[in-house]
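Read through the structure below, which is laid out as structure tokens, and then see the notes.
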Amino acid sequence: MEILSFNLFISALRLATPIALVALGETYSERAGVINVGVEGMALAGALTTAVVAYFTGWPWLALIAAIGVGALLGALHAVWSVYLRADHVVSGAAINLLVLGFALFLTRVIWGWRGTSPSAPTMNAWILVGVGLFLIGLSQVYIFRTPWGLRLRVVGEHPRAADTAGINVYRTRLAYTVLNGALCGLAGAFLFNNLGRFTDGMVGGRGFIGIAAMVVGNYRPLPALAAAYLFGFVDALQMRLQDYIPSQFSLMLPYFLTVIVLAGFLGKAQVPKALGKPYVKEQG
Amino acid sequence: MRWIRETGPVVGAITLALGVGAIVTALTGYSVPQVFRHLAVGAFGDWYRLAQTLTQATPIIFTSLSFLIAFRAGLFNIGAEGQLYMGAFFAAWAGFSFQLPPVLHPIVCLLFGAAAGAVWGFIPGWLRAKRGANEFVTTMMLSYVAINFTSWLVAPGGPFHGTAWANQTVRIATSAQFPRLLRGAQLSWGLIVGVLVAFLVWYLLFRTPRGYELRAVGQNPLAAEYGGINVTRNMILALTLAGALAGMGGAAETLGTHRRFIELFSPGYGWDGIAGGLIARAHPLGAILAAVMMGALRAGGQAVDRAGVAPADLAAVIQGLVILFVVAPELIRYFRRLVRRKKLGDIEL
Amino acid sequence: MPAEAVRMEGIVKRFPGVVANAGIDFSLHWGEVHGLLGENGAGKTVLMSILYGLYQPNQGRIFFRGKETKIRSPHVAIQLGIGMVHQHFMLVPRLTVLENMAVGWEPRIGPLLDRRAMRRRIESLISDYGLEVDPDARVEELSVGEQQRVEILKALYRGAEVLILDEPTAVLVEQEVEALFSTVRALKEQGKAVVFITHKLHEALEICDRITVLRRGKNVGTLPASEATEERLAEMMVGREVVFTVTPEPVSSQGQVLLSVEGLQARDDRGVPAVRGVSFEVYDHEILGIAGVQGNGQKELVEAIAGLRQPTGGRVRVGERELTGQSPSKLAAQGLVHIPEDRHLRGLILTFSVEENAVLGRHRQPRFAVGPWAQRRRAIRIYAQELVERFSVSVPSLSAPVRTLSGGNQQRLILARELSRDPQVIVAVQPTRGLDVGGMEFVWEQFLEARRNGAGILLVSMDLDEVMMLADRIAVMYQGEIVAVVRRGEATKRELGLLMLRGKGAVD
């Protein structure tokens, strides 16, 4: 079979990267108790920011930093909404997705005159970002399970009141990790841009949601989530090669189908943080 | 009096969003008064424009109802877009395959659309209730599947590729079409069906034991179970109904607006439903108003674009802002509390 | 004059609609065990929560080690050396004992958590105070008594010099209580100050050096335990009112079995067998009490009977009919109703109106609905009105959300709803939890009334006093089995405690 070449496994790693980054970000924020469905929009914002900055300055590194910054800002927005204003987490995330999509369509028109797409712009080697992603995931595995801060993170998502009495600021912790989630989504978006060389409004195309699925399958642990992300990346890579053999619409469906099937098979076993999605109300007095 | 308390924050949020939208407009170098004037005139300026607004509001009524009925049962249907496509295609199929008398034909088509959407809601509902799969991920994923699937059906080489110049089906029979309401405009009976369905959903939720059970499951599944209510069955029912409603929306588009199924016909009506349901604070009758508002933003946005004042997508930005402010009702309360705390602070400390 | 650890002066704490502390003075010395005695709602926990920084007082001052101190948060309190063991433990079940204790005060090597150092610290605390636990066990695997030890260890690890124990014996049986008392005495000998919150007179007299009695948010008096007697404390606690108890009048059962449970088995949420072959009968005109330490399968037993948990074996019969694993609505149709343990979790839908909650479980009955597609709204309203009047539930209006009702009125509404179905069998779990004296009295009288009318009642309670007062027979549950059934007056509290703690092995 020509489809199953060595190249396939390599490009699977590439395609797994944005999914793994989102899964890592979501692992952090959900461990702190915040569901973030806005990952889709945050990644899209990251991609758009990279395109804009790279187009105007020609510096892909600056574009990368800007993308992370914009992702972090959106993370902060979601945290303020869900943690401080106690909006429903899923609803707030969905709102951010719609908002970013609106902005993406509008800004591409304003800047380039094309609805939803950018011209090509200077890129950096996407493999660098693959490496960065792998490094961050390995580091996070140690951080979450072996360091004092990781312990505090886990307690905040499981028993915020216990964390509070131990002097851990629940709100600030949740804010920090949701911002981190946003930053990682921004990084994922930057990767998507550098991978393709230009921006399109459909370039995230559900990878944010697939990242959440990878986190669930990885049971809130960075390394297993990476493995799940690789599986999705593999199917994505396979799908592109299958387009020569079956109608493209069917091969395009594959990753989405796989997500549904995998979620249906795995979720029952995931150890969901106890306080996930629940607002923390400090005892007032 | 209660409705004032309920709608107050929504009106506040819309005002706030328009304000921030004005700032965005100004920052991107467009004229705020011009944009807003064209937006208003473009949406409500004359009968034809109003008809355009209502035409775009029609599918949003259905998708808003779809989102909110699931929301009332404690579930998130993020996948109305896919259900809309399924409904639109199968309504078209019933429209060009069957030969039926005029009044009956559109009803049959509508039911086909509802059934197709229902299947697309049942699957994530079943997966959630029986397998614990997150419905906000699965509905979204299945949306992409549906969009690709219906695309393939009408693509060259697909079984229902109807015309050479575009990826679409053949026209549905005249007997199946929804009559238009205004000469020269696309506005059809779909709107009236949408309003009727909104009232039906209201009745279902607030006046029937079924609706009581759906809401009980959404508010407190453990208490619902204790009260003899079958929680899993109601979860499945809620998402199936949500799918059916979005499917009907797709059918209404096919029967009233396009008269055939066209690949990628929806400019995001399914996503608008999330917004509509939230702006309506999950109230079925509020969904009508919310949908009209979003239809107006779409129609008005297009008018702004045509007049060369600003890109139509400015309306999408404003819409995004409205949702963002609506979903945080605490926002207004929060500001109020901040002010009050400052005053009390002097006395207490 | 012993040195003063804490002095609280004129503490006032108001909550919406309630004054929990109405100007309380309180002082605590080093090396003493100070009992804080009072009924439910007297303000004991609130006062100590203020000392622990959970609440800020509206008025009043706190002196710690003689210096006026503002305790803005529990973290500040802990840094001062104040520790508190709450009734609901502040432990994360999925983490280990070590991780639970370390959080917030983690020893480090470089950027990593130093587990070895932490383990050493825990082991030295364990040997100092005789509080045996395995540092590497997950908290969810521990018994309630062991979890309490972890909480005490945690407070000590964080450097507590003042230790507040909030109703520590409520979750323990006699024998564990004795172990706790010896720990408390060890703490005292080390010169630490201990506040012991309780509403049980004999406990206060046994362990405390001084006792402060609170009543309705006021300090009624502080006296040395040596000068106190049960009678005197009781009078201080309730004022001129008499302590309320009910005495079930003798009624003879007709010997008719109303509820029969045979070899019932069920698993808990983690899939571990929790009910292991339980059999008993409840007769007409009878209250069968189930006593046991929390977590011995009572919750699963009740849920398996009430149709909320699928049994993995055995049979449940109501009257003549077998109804094993049937839905709550089927059971209710056969005359079995369930007063659930947690009002907010199961009993009510807080955002629904009084009317809507009044028909929960009956909303499909022809009286209130025409098929699944129409409600009889008038009938529902009239019925809700009737319930509210008959059981004197005080509500702002029938369309108000039940969230706005007080705890006592919420419980009344549940009782009204369930008891007005004229049940043959009532399954009730902790029906008086969190109620004031008036509320308890109401609940007890309703049960006795039902018993008089011939109903059979299964009463599950962690409060042995309540079970011993009401039940005609008492079944003791231990590790998922019924280890003994005794008639009223056949066993002492101590004997029951022994059974609750050690099961059958206790008999010899």
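A, B and C are the chain letters, set down in written order, and residue numbers restart from 1 in every chain.
Note that a contact is a pair of C-beta atoms (placed from the backbone, for glycine too) under 8 Å apart; a residue touches a chain by one contact, two chains touch by 3 or more.
Bear in mind that the values here come from a model prediction, so they are computed numbers and not experimental data.
**Student:** I want to compare two interfaces, B-C and A-B. Which one has more contacting C-beta pairs?
**Tutor:** Counting C-beta pairs in contact for B-C and A-B gives the edge to A-B.
**Student:** Farthest chain from chain B, going by mean C-alpha coordinates, please.
**Tutor:** It is C whose centre lies farthest from that of chain B.
**Student:** How big is the gap, in whole Å, between where the Cα atoms of chain A centre and where those of chain C centre?
**Tutor:** Inter-chain centre distance comes to 43 Å.
**Student:** Express in whole angstrom the distance between the two chain centres, defined as the mean CA positions of chain B and chain C.
**Tutor:** Spacing between the chain centres: roughly 47 Å.
**Student:** How big is the gap, in whole Å, between where the Cα atoms of chain A centre and where those of chain B centre?
**Tutor:** Whole-Å distance between the two chain centres: 26.
**Student:** Chain B: which residues touch two or more other chains?
**Tutor:** Within chain B, no residue contacts more than one other chain.
**Student:** Quick one: which bits of chain C touch chain B in the complex? Just the residue numbers, please.
**Tutor:** Residues 58, 306-308, 327-330, 332, 338, 340, 345-352, 356, 360-361, 363-364, 368-369, 372-375, 377 of chain C touch chain B in their complex.
**Student:** Using the touch rule from the top, collect the residues of chain C that touch chain A in their complex.
**Tutor:** Checking each residue of chain C against chain A gives 13, 49-50, 54-57, 73-75, 78-79, 90-95, 99-100, 102-106, 108, 111-113.
**Student:** Considering the complex alone, what residue numbers of chain B touch chain C?
**Tutor:** Those residues of chain B that touch chain C are 207-210, 212-213, 215-216, 219-220, 222-228, 230, 348.
**Student:** How about chain A: which of its residues touch chain C in the complex?
**Tutor:** Against chain C, chain A makes touches at 142, 146-148, 150-152, 154-155, 158-159, 161-168, 271, 274, 283, 285.
**Student:** Chain B touches which residues of chain A in the complex?
**Tutor:** Within the complex, chain A contacts chain B at residues 37, 81, 84-88, 90-92, 94-96, 98-103, 105-107, 109-110, 115, 205-206, 209-210, 212-213, 216, 247, 249-250, 252-253, 256-257, 259-260, 263-265, 267-268.
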